[in-house]
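Below: a set of structures, written as structure tokens.
One chain, chain A, appears in both complexes that follow, with chain B as partner in the first and chain C in the second.
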Partner chain A sequence: MARIVVDPITRIEGHLRIEAVVENGRISEAYSSGTMVRGFEKILKGRDPRDAWAFTERVCGVCTTVHALASVRAVEDGLGISVPRNAELIRNLMFCAQYCQDHAVHFYHLHALDWVDVVSALSADPKETSRIAQSISRWPKTSPAYFSDIQKRVKTFVESGQLGIFANGYWGHSAYRLPAEVNLLAVAHYLEALEWQKEIVKIHTIFGGKNPHPNYLVGGVPCSINLEEMNAINSERLNHVGQLIKDAIEFIEQVYIPDLMAIAGFYKDWGAIGGGLENYLSYGDLPTLGYNQPDSFKFPRGAILGRNLNEVHEVNGKDTEEIKEYITRSYYKYSGGDAQGLHPWSGETEFNYTGPKPPYDLLDVDNKYSWLKTPRWRDNPMEVGPLARLLVAYGKGHEEVQEVVNDALKRLNVPVTALFSTLGRTAARGLETQLVVQWMKGFYDDLVNNIKNGDTRTFNDANWEPSTWPSTCDGVGLTEAPRGALAHWIRIKDKVIDNYQLVVPSTWNASPKDHNGKRSAYEESLVGTPVANEDQPLEILRTVHSFDPCLACAVHLYDPDGKHIQQITVT
Partner chain B sequence: MAKQLPSLWEAMQAKGYSRREFLKFCGAAAAVAGVKATGMASVVHAFENKPRPPVIWLHFQECTCCSESFIRSSHPIVSDVVFDYLSLDYTETLQAAAGHQAEKCLHDTMKNYPGQYILLVEGSVPTKDDGVYCTIAGRSAADILHETAKDAAAVIAWGSCASHGCVQSANPNPTSATPIHKIISKPVINVPGCPPIGDVMTAVITHLLVFGKVPDLDSQGRPKEYYGRRVHDTCYRRPYYDAGLFVEAWDDEKARKGYCLYKMGCRGPVTYNACSVTRWNEATSYPIQSGHGCIGCSENGFWDNGPFYRHLASFPGFGIETTADTIGTVVGVAAAAGVTAHAVTTNIRKKKIINDRIDRSVTDREPKEEGGDE
Partner chain C sequence: MFSNNAPRILIVGIGNVLMGDEGVGVYVIRHLEKQTLPSDVACLDGGTGGFHLLEPMQQPERLVMVDATADGAPAGTVQRLQPRYSTDYPPTLCAHDIGLKDLLDSMYLLGTPPNVTLFAVSIDVPDGVGTELSPAVAGVVPEVAKQVMAEVKVGSRS
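Then we have the complex of A and B:
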């Protein structure tokens, strides 16, 4: 029995800490804690609801745009505004571009080093790497000379003694299993993906002026369309978007997916590790007939309980009995007592830090231990994210999703149960990117056709002016961030925000235990995860990273006496 | 004992780059830093002799948009920055190591390269309640910042969070989010924006590397190179402003013609940034070009100068004869004292006036040793 300390977990966004107990080489208990808070809900009170998108967009710069989208939808829902067809299509294009960029960056730059041993790539035979690359893809950059150059670059880098971002990695760890040649291939694509990701986001720049944090607008999108004008979305701008999409399809289909499948093939045992919760939630997104018709969404809405894919439950963000947030183990207090759960419309954000004074070694995990609240759907802990989206779609009989999932299972020769795992989560992210990049092309074609048919409207001015607003109204904006179900709830009173609550994907996944002592997704999936070397908890990174955490994260493992292993030196 | 670092030229030679490629890179770097052709010799000399400096990149109260913007840099591309120009020894976003192994990277750099490493900070520091609102490895953000800043050769505040406090410092600032220049006593280069432009971020670093000195800063600690002009003064839609042609409603006929967004709340007249010149994401566009007004994201306290869609002239103190900088003072956005007359009249006498004003807007704001207090 032993426990370890890893702090911080890197290659994520934000600040999170997990403390866990390891017994007999496996994790037997885990505690997930968000260690940073900013108080958005308090800051938003009293402000113009039309400004809220800009504030909330700054919740996350990695999954930029998604909070802005949730926010404008919440306000539009409250004020009864529907956006023009072009605005819906442009929002969808920005959504898809975000998925492609975010998922590829997660795979190559945040997650890959959990599976890819960079140092091992030095001993690869570039000719063999070339052969492998050409056998799995028709991507052009696959010559032996190309891989040889990459290898030389890595070699020089390593030999310089200045290892930079690769310093003190877990190189040589027994859990790394790729042949040197595949490691070299992955390193080459790490570099290529870093270059490509800055291209696809130009779709945001064209429609929203910049990335990260493009501009949104309640009632539509801020850009106008005018084919007779260089100051608006015109043929040149549309061509630029079209080209970016074409290049994205090529990169996703010829680099990301082949790499994902090649690497997954060496880690099939991770199809039985890190499954965690058996409940999945998706709000769905990518409307094709308007936000108020969820049946038209490309990603369907629904909830799955107990991994029963034969039954997908209805989900309603407005039903005050469905989604509730608890703070029993979170650093907040509720005016009606900490035991109750509150629907976000009546949610409260009152800080109540009861943890140890920094600097500290250990959290008081028997009491409140996180800045994240604990959301529940009908009192159930739910996993959200790419896997949840695919499972809900699969369960609802979504043919495109079933086809891509079944095909991947067949290619990897793994059972359907392998989906409920660390590997399944990582695979699901890639598979949905494969779908999203094609859907993006479809939305682009629809946009061009709509303009061709004479519709150039991008904004609905009904109810823009506060003088038209009711004295009070409530709205909810549901969306699917790359990391999972995201929603904003707003209460507008006397033209300003009276209450604003956000329930973000990592709140679902990374939250502390609930009022019944039930674990949320991170904690549940860590339990049972093997740890081969307590000084180098690579396996923990794999499972935690498979969720693509949106908070800087620290994993702490403790022995049963609460004593953690001191500074670990890696030589 | 401090290690001897290889120069960038040595590092590039070792990577198999030719002299010709090296000179080409120097040319590109010089172009970014705004060096004239005659200054090329000094650029080449700098890269030949300066070491590849170690870098520590910290994250506090932030959203990681600055890191994301950094990796959007197109010239130079970020893989070259990370692997060839700098030694990015600690970055929670990209580094392979985690936990103690990551902490070791941080401590090794501080120990082995005192006075030689560059400290980049993303995020504000909450000072209320012993800093419990942001802890990493059980330590408060302020604690970590003090320790790492002590022996840093240069400190750069990335983005509006580290420079000004940004969104979490908006009223009522629940956690007392504080910019880093108010926490440490060292000079800080502020590179504000939410986020800053990626190519500006890499250019500020390149400036340090090439010239071995801090770029000229204005009174708020911002490099004049990128924050010396108002978005308004360099905006390609400026002629419409001067001609009195304004967008009156979203997606109206005037919006479709790309008229000035001033009446829609554009903060270009009170915002110092390079957006309308450098533009975003390899000069693809910038907010105004894509139809939305500037929200002033690089200005101190911009979140509390809303609502964003209320046009500047609607604020108290902004009459038709009032200058854009006066309104800046009134709403608390003003970059600094010194900039005067910005006539809001709509005629053609702009040319000379603008030239004079632009010159003054730069020269009147004295560089200051320290980061500058607001």
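Then we have the complex of A and C:
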């Protein structure tokens, strides 16, 4: 039986390979493989735990801040440090800014072209695009001349074939269903989103001192607050942040959400495709009363099994019976044998590549076939990400979440089961952005009020000095990266890192089968997916991209086959 | 001079310092940061920055970039290139998640095509993660920095 191979599957440079078996136009089996060696944990052994964030932050260029946050939390948890209220608020502001930027970039730049046919946009009537734009939003840039100008600009690039972004699509595929005019609208907003995302990340520069890779600090945040001081968080900088948040609310509410709803309306059948696993995990995040008070989180913590939203299970990152990583199908070996699952505190990172020598045609799927380990929660495969976060919140009776979700279902006129799908995943990302951008405003107002009331503390120096540390301690830093549950586990011994393990969102979602032969999220979601044209498996991209794969943080090196030597212009 | 504190020429080092030689671009920036640069020139540790780099890279008139390439040449080989489109760029090791090429494509789309001089340092394919450069690549860091300085001094007006 023929197996379709998609490698790489990320539209951007990627390290994820999917092999899918298609029978009678539908996928009957799928294999997801991380094709780069991972083993980042080895770098951290023996280092000062207070420096770990700076290394982990470099793991990923997309979510630069989230690994730093998970890391400082892990160390603070281990050493019993709590951060001042202002530090919590500033971390939350950076978190929200990251969500807004990352989700909008995902929608417009990594996922939209799975639904939007750029070439079709070239034949659109700009007047009709203008009419549609004005009917769905009060966003000002909607004149026919504006869309006509965009159309001309994009036409030049599409015809020249010089831009990879537009050269690599399956344009004209029968699964593209938007009218040309809606395609043009989306392409225009693709460009506007590029411009807008430059603004929102300035929040990282303001609070983190630099961007990319802003600074973090164990015990707080590395910026001081002084309204009169040039080099501190002063009135001018705070006002700038306030303006950036205001602009973000407008962009999300007037561009992202209307586009999401308009496009979703043409693809309602994808509300019944790509559901996959029935289990969802969220560590929760955005504390309002401290990291140790998960009940105070804006995104609640919990797990759902069998899509039963009436029961949300407690999740504890420290319970060594809950989260375990298996390597039955992963290129690693465990000292106690490959059959066992290890909690990350006792995690091991020993490579054991047994796959075919690259370049190869097919993975050896009967044996180990991925550089990703296989994490399980109470031995269950779990989906993580925006959909998991919203479902856990929904199940826990979170009113704001229930309201936006119910409203979206009503507007699209789809049943609640449509949530468990490719469309549901993509919609969930937008809906949570709508909430996050409003929460960001709330955190900002709280910060400004705190400062007005005379509280300028951003750092707690308790237990900063290693002389105060116990001889050994363990910590876990749980967070929600934009693409899902992320955690770092640390073991500190004799003042240095003794063990450090990361379990990243794409490991939960993209991992291979487990010791029981159970598929992980990508694989399960692909089974049953229709494929109209095996040479152009657009449908596979839709579902896998709906998870927002980010494999560089799941895997760190890749093995080039050397065939891709491009022409170099030497002058 | 220039407005908004943006430099006229920006030197950007790209790479992942957790991947050994792949991070050579960032090491060159760290080397240059210890030196006195012309007043209209600035350095940026681009790390694995992706779209976060769009604004800083759009503002200057010229970009001088330093990046690793796995082009099969002996490790430590340095080439000076003036690529136009992203398809002109040598193969990278692509630990940069949203690729540099996507970023450059975006600059064209937004009507701000970059004027780039690229110093591409050839590296072997690393066989694991690491926070150190290999001797062959570490040895050329000062030389690359020197060439970059010569490049920006020609272009600088100060």
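In this section, the second predicted complex is superposed on the first by the 536 of 571 C-alpha atoms of A that agree within 3 Å, B and C clash if a C-alpha of one lies under 4 Å from a C-alpha of the other, contacts with A are read in each partner's own complex, and residues count from 1 in each chain.
In the analysis below, a residue touches a chain if its C-beta (ideal position, glycine included) is under 8 Å from a C-beta of that chain, and two chains touch if they have at least 3 such contacts.
Since the structure is predicted, the reported quantities are computational estimates derived from the model, not experimental observations.
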First, second, both or neither for A:T64, with chain B first and chain C second: both
Partner chain(s) touched by A:G430 [first = chain B, second = chain C, both, neither]: neither
Partner chain in contact with A:K152 - chain B first, chain C second, else both or neither: first
Partner chain in contact with A:I43 - chain B first, chain C second, else both or neither: both
Dominant toucher of chain A (residue count), chain B or chain C: B
Partner chain(s) touched by A:P375 [first = chain B, second = chain C, both, neither]: neither
Contacts of A:N211 with chain B and chain C, given as first, second, both or neither: both
Touching partner for A:E195 - first (chain B), second (chain C), both, neither: both
Interface residues of chain A shared between complexes with chain B and chain C: 12-13, 15, 37, 39-40, 42-43, 55, 58-62, 64, 105, 109, 153, 157, 162-165, 191, 194-195, 197-198, 201, 204, 211-213, 351, 552, 567-570
In the complex with chain A, residue positions of chain B that touch it: 3, 5-6, 11, 14-16, 52, 54, 59-69, 71-74, 77-79, 82-83, 86-89, 91-105, 108, 129-140, 143, 166-168, 170-175, 177, 194-195, 197-198, 237, 249-251, 255-258, 275, 280-282, 284-292, 295, 297, 303, 306-309
Residue numbers on chain C that touch chain A, as the complex places them: 16-19, 45-55, 58, 70-72, 79-99, 101-102, 105-106, 108-111, 125-131
Chain A residues touching chain B - in the complex, by the definition given at the top: 4-15, 35-40, 42-43, 47-48, 50-51, 54-55, 58-62, 64, 105, 109-110, 113, 118, 149, 152-153, 156-157, 159-170, 191, 194-195, 197-198, 201-202, 204-215, 217, 219-226, 229-232, 240, 351, 353, 355-362, 371, 456-459, 461, 464, 536-537, 541, 552, 554-555, 567-570
Residue numbers on chain A that touch chain C, as the complex places them: 12-13, 15, 37, 39-40, 42-43, 55, 58-62, 64, 101, 105, 109, 153-154, 157, 162-165, 191, 194-195, 197-198, 201, 204, 211-213, 351, 550, 552-553, 556-560, 562, 564-571
